[in-house]
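Next come two complexes built around chain A: one with chain B, the other with chain C.
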Partner chain A sequence: MKTLAGWILSSPATLAVSLFLIIPVAATISVTFTAPGGTFAPYVDFFSSGFQRTVLWRTFEIAAITTVISLILGLLTAYVVSRSAPWMKSVLIVLAVFPLLTGVVVRSFAWLIILGRNGVLNNSLEWLGVIERPLSLLYTQTSVVLALIYIFIPLMILVLIGVLENIPDDLLQASASLGASPTRTFVQVVLPLATPGLIVGAVLVFTASFTSYATPHLLGGTRQMTMGTFLHQRAMTSFDWTSASTVAAIMVVVIVTTVLVMTRLAKRLNPMAS
Partner chain B sequence: MKKLNISRIAAVSSAALLAASPALAQDRTFTVSWWGFNGDALQEIIIEPFQEMCDCEVIFETGNNSDRLSRLQLRGGEGVDVIYLTDRFSQLGIELGLFQPIDRAQVPNIDELYDLAQAPQGEYGPAYSIGRVGIVYNADEVESPITSWDDLWREDLQGSISLPGITTTAGPMVVLRAGARAGVDAYEDPDAAFAEVAELQPNVLTNYNTGSEMINLFSTGEITVSMAQDFALGRLQAAVPSVVWADLEDGAIATLNTINIPTGSENVELAHQFLNFVLSEEIQHTLAVRGVDAPVNAGVDLTEEEAAPWTYGDEMISSLNRIDYVPLNANLDEWINRWNEIFGM
Partner chain C sequence: MTNRIHPLLILMTILVYIFLLGPLIIIFGASVSDTTFLAFPPQGLTLHWFENIWEISAFRRTIVTSLQVAFLGTFFALLIGIPAAYALNRHRIHLPGWLSTLFVLPILVPEIVIGFSLLRSVNVGLGAPVFATLLIGHTLLVLPYVVRVISASLASFDFSIEEAAISLGSHPVKSFFTIVLPNIRSGVIAAFILAFITSINDVSVSLFLTGPGISTLPIQILAHVEQFFDPTVASVSVLLMGLTIIVMVIVERTLGLTIVAK
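Moving on, here comes the complex of A and B:
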């Protein structure tokens, strides 16, 4: 009876998830298995192209680098914020969240202004005498990664603040009283306890970076095409929906696999993470 | 009692019908799919007078060529009564079976158009405006003037060019010009044409997909040269006054903007009326004078000043190079892959 009630109560949510998540994704992916040429022909076509393999690897690389740097910077920032006085904590959280108040396009565009040939960075370096002529900083992998870190690090910080705040001060004091240095306490006490937050933050940042479109489009251009911009090209300008669906399916597989690997890794690092 | 009720109901129903009939006429909607540029001017010059003529409400779908054509394809040709596209994309729409032939008897103003605008793609939509694809450059930054398509390959332009992306209207023209430079037909010998495109690669900072992107690249100083359509020149010069249109000895390339009636149009007769209205000498003249579109109605007479921004007049129009989009679209998939290999690796 209890089970039946559970099923009935959860049915609206199940229906919503099916309608708005599972069915659209399944419909998108199913197209790739009914294409002319064989069940896996679109996937064979995708992986037989050096360019397309490069795009996939480049996207993975950009997402991975963004995630790792965001993890490091986010953890340090969140640790400082979580250990601050309450009034200072509020100020720091507002500052961390502030960039989220504008759209991704605006935040990406800000980096065009910073990294452009006549941008803030080039002008400053020229004024300081470090360079004689402007550097070409846009349309590189570095510019895409920088902007993605800026855009997604608030997510990481917010997630980690919540986790780090829940680590009792008693534990840190106990660690110190047993002779551990602050660094050792951070590595051996704080870090394992923060693992669930790190995994959630990493998954959020990786997924968002891997699927991002506007930032790679604006700061990477055609030279740094990623899976998002490539998917747009296939669907909206080449009208090749099978190929676009194949790209989408590969993106789903990469993301799901990465999430599973990270969750497994988290379990090994900290069994509580499960 | 029963009789009274029936007569009351009949009277009320008749009154309701009479009251509703004007509303029903105004409830008829006519959907126009276009880019969305110059919205205020088009509203005043085309939409408001046409709404009075048709006693209908005109609604819009806006976006770039590919987005709108893609949406139309997803809807199986339905949801739009007329669609504005450049000729590369209208040819694609024809090949996808999304447009219906135009009944030219219902659009007598087609006879007044320049020959190349009357039936640029056979029985389908006429052109309502004409433009050019050429080269624009910042005269303050480029040492010697650009006078030929081959100048794009000049060594002094390294890292300073933006080309239109291969999936835009003008993008495939780069390949055709590269073929011409190699002395081959790009359709027959794509290897030779793309070898020239690869030689151009060091000069290219990035490719752009919209006119606005190209203007941004100029205004932020990222590029000094680009291949562009002439409709963007006004906005470009407003942003960077030192940008000029190159006078190319080997000629600019014509682009025709067409209007088609999709297969799923629910107002086919009205769509023909719309075409006839837009192609009339009066509307074409007003659009040109107001800086919206170049006229293709041969009867439109412009002063030198009014004609300055436009591809206008027999002499200029006959000097343009034309593109056959049938073989271009047939080769485009392979060209996109080759292009990506050069610019995206």
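Moving on, here comes the complex of A and C:
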């Protein structure tokens, strides 16, 4: 009876996910294997084009740099926040949640105002006399990475505050009373205990930047295409759905592999488990 | 405790927070600028660009569509997500472990792939109208948040109260509505708000599911930025930030903001 009730109650959601997610995505991936020209023809096509290899590599690079920088800045910031006085901590958390809840389009758009030809940065540099003519700061890999770091740092900070708060204060006090300097305590006590959380944060930021659309679209344009903007261009400008499906399939493989490998790594590196 | 943090670390944290909030302040400044192009600091002050939002019919239409999709999508996600979360908590031992993984799949699969696949299979394949496909996409998008937040509040609910009611002769369905639901009310409110804000801000799922006449606000913003580089988008952004502040206050009052970080 109980089993039946459980199944009945969860069936509408199960049905929705199966019908509108699993089947459509499986169909998208399967067309890449039944395309005319052979089973792997779309993949051979994809990887034989230098341009498309560049897009894939660039997306990797952008996501990796974004992840590493967000990880470092996020960890240090989260450490300070988690050690702050309670009222200060609440204020800092609220200030990190606010950008997180503000949409990606709005936050990417902010960087258009800052990095544009007549943007805040160019105007300030001209006013200071550092440059004479405005620099082209937009539509570069740097502008995309900068905006993505901006988008994902709040997420990283919030994930890591949660992780650092779970580290018992006694451990840090024990370390200090045994004579370790704050830096040594951080490296030898905090860092190992935070590793599983750092991996979770890294996976979240990497997968989200790898699959992002709005930020590379606004700040990278067609000059700095990533897998997301390329998928859209293939589907809606070239109307080449087989090619778009191939891009989609590669994205799914990259994301699923990353998540599986990293969650396994997180389990293995968890000092609490051993 | 605070005095043990290295001053350089505190300086860096301050810089990170300036980096986090500076750009949002710049948007605010640009939205009231008296110029026809985006400028910061604002040259003269005007609220013209806020009026302009309502004068541009495309913005009016997409704001209405975005609100409709967010309300309906969240409603449907709650409709199917609450029973699922209830089953997962109440009957967990009778259900396979993969079932809970199934409901977070929409987060695991890249949003842009979900959008494209729905376009291919549901919109073009099944001939479903654009609005219906968009609604399906948003329901899927927010379902994981609903299941997770509701599960979190059910985890702290003592099911023996419900069992007591049932053993005293109350119908299970009635017991759910009179005993379980009131107890997880704040979870439902938080789930609604999180889902709503996620839906309102979504780009990647909506990207492929908008057609002639039907678009959502973030997609319209992207289109507008490309054509006109005027402060209208900055004022729309300020309105969206205002919405975010309202949402934060409500979340803080109901469940506490920590729910957002989970």
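Just so it is clear, the second predicted complex is superposed on the first by the 239 of 274 C-alpha atoms of A that agree within 3 Å, B and C clash if a C-alpha of one lies under 4 Å from a C-alpha of the other, contacts with A are read in each partner's own complex, and residues count from 1 in each chain.
One rule holds for everything that comes next: contacts are C-beta pairs under 8 Å (C-beta built on N, C-alpha and C of every residue); 3 or more make two chains touch, one makes a residue touch a chain.
Here the structure is a predicted model, which is why all the values come from computation and not from measurement.
Chemist: A:111 contacts which: chain B (first), chain C (second), both, neither?
Modeler: In the superposed model, A:111 contacts chain C only, not chain B.
Chemist: Look at A:153 in the shared chain and tell me whether it touches chain B only, chain C only, both, or neither; answer first, second, both or neither.
Modeler: The second partner, chain C, only.
Chemist: More residues of chain A in touch with chain C or with chain B?
Modeler: Chain A has more residues touched by C than by the other partner.
Chemist: Check whether A:244 is in contact with chain B, with chain C, with both or with neither, and answer first, second, both or neither.
Modeler: After superposing on A, A:244 lies in contact with chain C but is clear of chain B.
Chemist: Contacts for A:120 in the overlay, against chain B (first) and chain C (second): which applies, first, second, both or neither?
Modeler: So A:120 only meets chain C here.
Chemist: After lining up the shared chain so the two structures overlap, which partner does A:161 touch, if you call chain B first and chain C second: first, second, both or neither?
Modeler: second
Chemist: Could you say whether A:223 touches chain B, chain C, both of them, or neither, answering first, second, both or neither?
Modeler: first
Chemist: Does the superposition put A:236 against chain B (first), chain C (second), both, or neither?
Modeler: Both partners.
Chemist: Based on the superposed arrangement, let me know which partner A:54 touches: chain B (first), chain C (second), both, or neither?
Modeler: first
Chemist: Using the superposition described at the top, list the residues of chain A that contact chain B and also contact chain C.
Modeler: 112-113, 116, 118-119, 235-236
Chemist: Along chain B, where are the residues that touch chain A in the complex?
Modeler: 66-67, 69-70, 73, 92, 96, 159, 165, 167-168, 205-207, 209, 216, 220-222, 332-333, 336-337, 340-341, 343-345
Chemist: Show me the residue ranges of chain A that touch chain C in the complex, using the header's touch definition.
Modeler: Touching chain C from chain A are residues 2-3, 5-7, 9-10, 12-14, 16-17, 20-25, 27-28, 73, 76-77, 79-81, 83-85, 88, 92-107, 109-114, 116, 118-120, 150, 153-154, 157-159, 161-162, 176, 182-183, 207, 210-214, 217-218, 228, 231-232, 235-236, 241, 244-245, 248, 251-252, 255-256, 259.
Chemist: Can you name the residues of chain C that touch chain A in the complex?
Modeler: Touch list, chain C to chain A: 1-2, 4-6, 9-10, 12-13, 16-17, 19-21, 23-24, 26-27, 30, 37-40, 79-81, 83-84, 86-88, 90-91, 94-95, 99, 102-103, 105-106, 108-114, 116-122, 125, 136-137, 139-140, 143, 147, 197, 200-201, 203-204, 207-208, 218, 221-222, 225, 229, 233-234, 237, 240-241, 244-245, 247-248, 252, 257-258, 260-262.
Chemist: Which stretch or stretches of chain A touch chain B in the complex?
Modeler: It is residues 49-51, 54-55, 112-113, 116-119, 134, 136, 138-139, 221-223, 225, 233, 235-240 of chain A that touch chain B.
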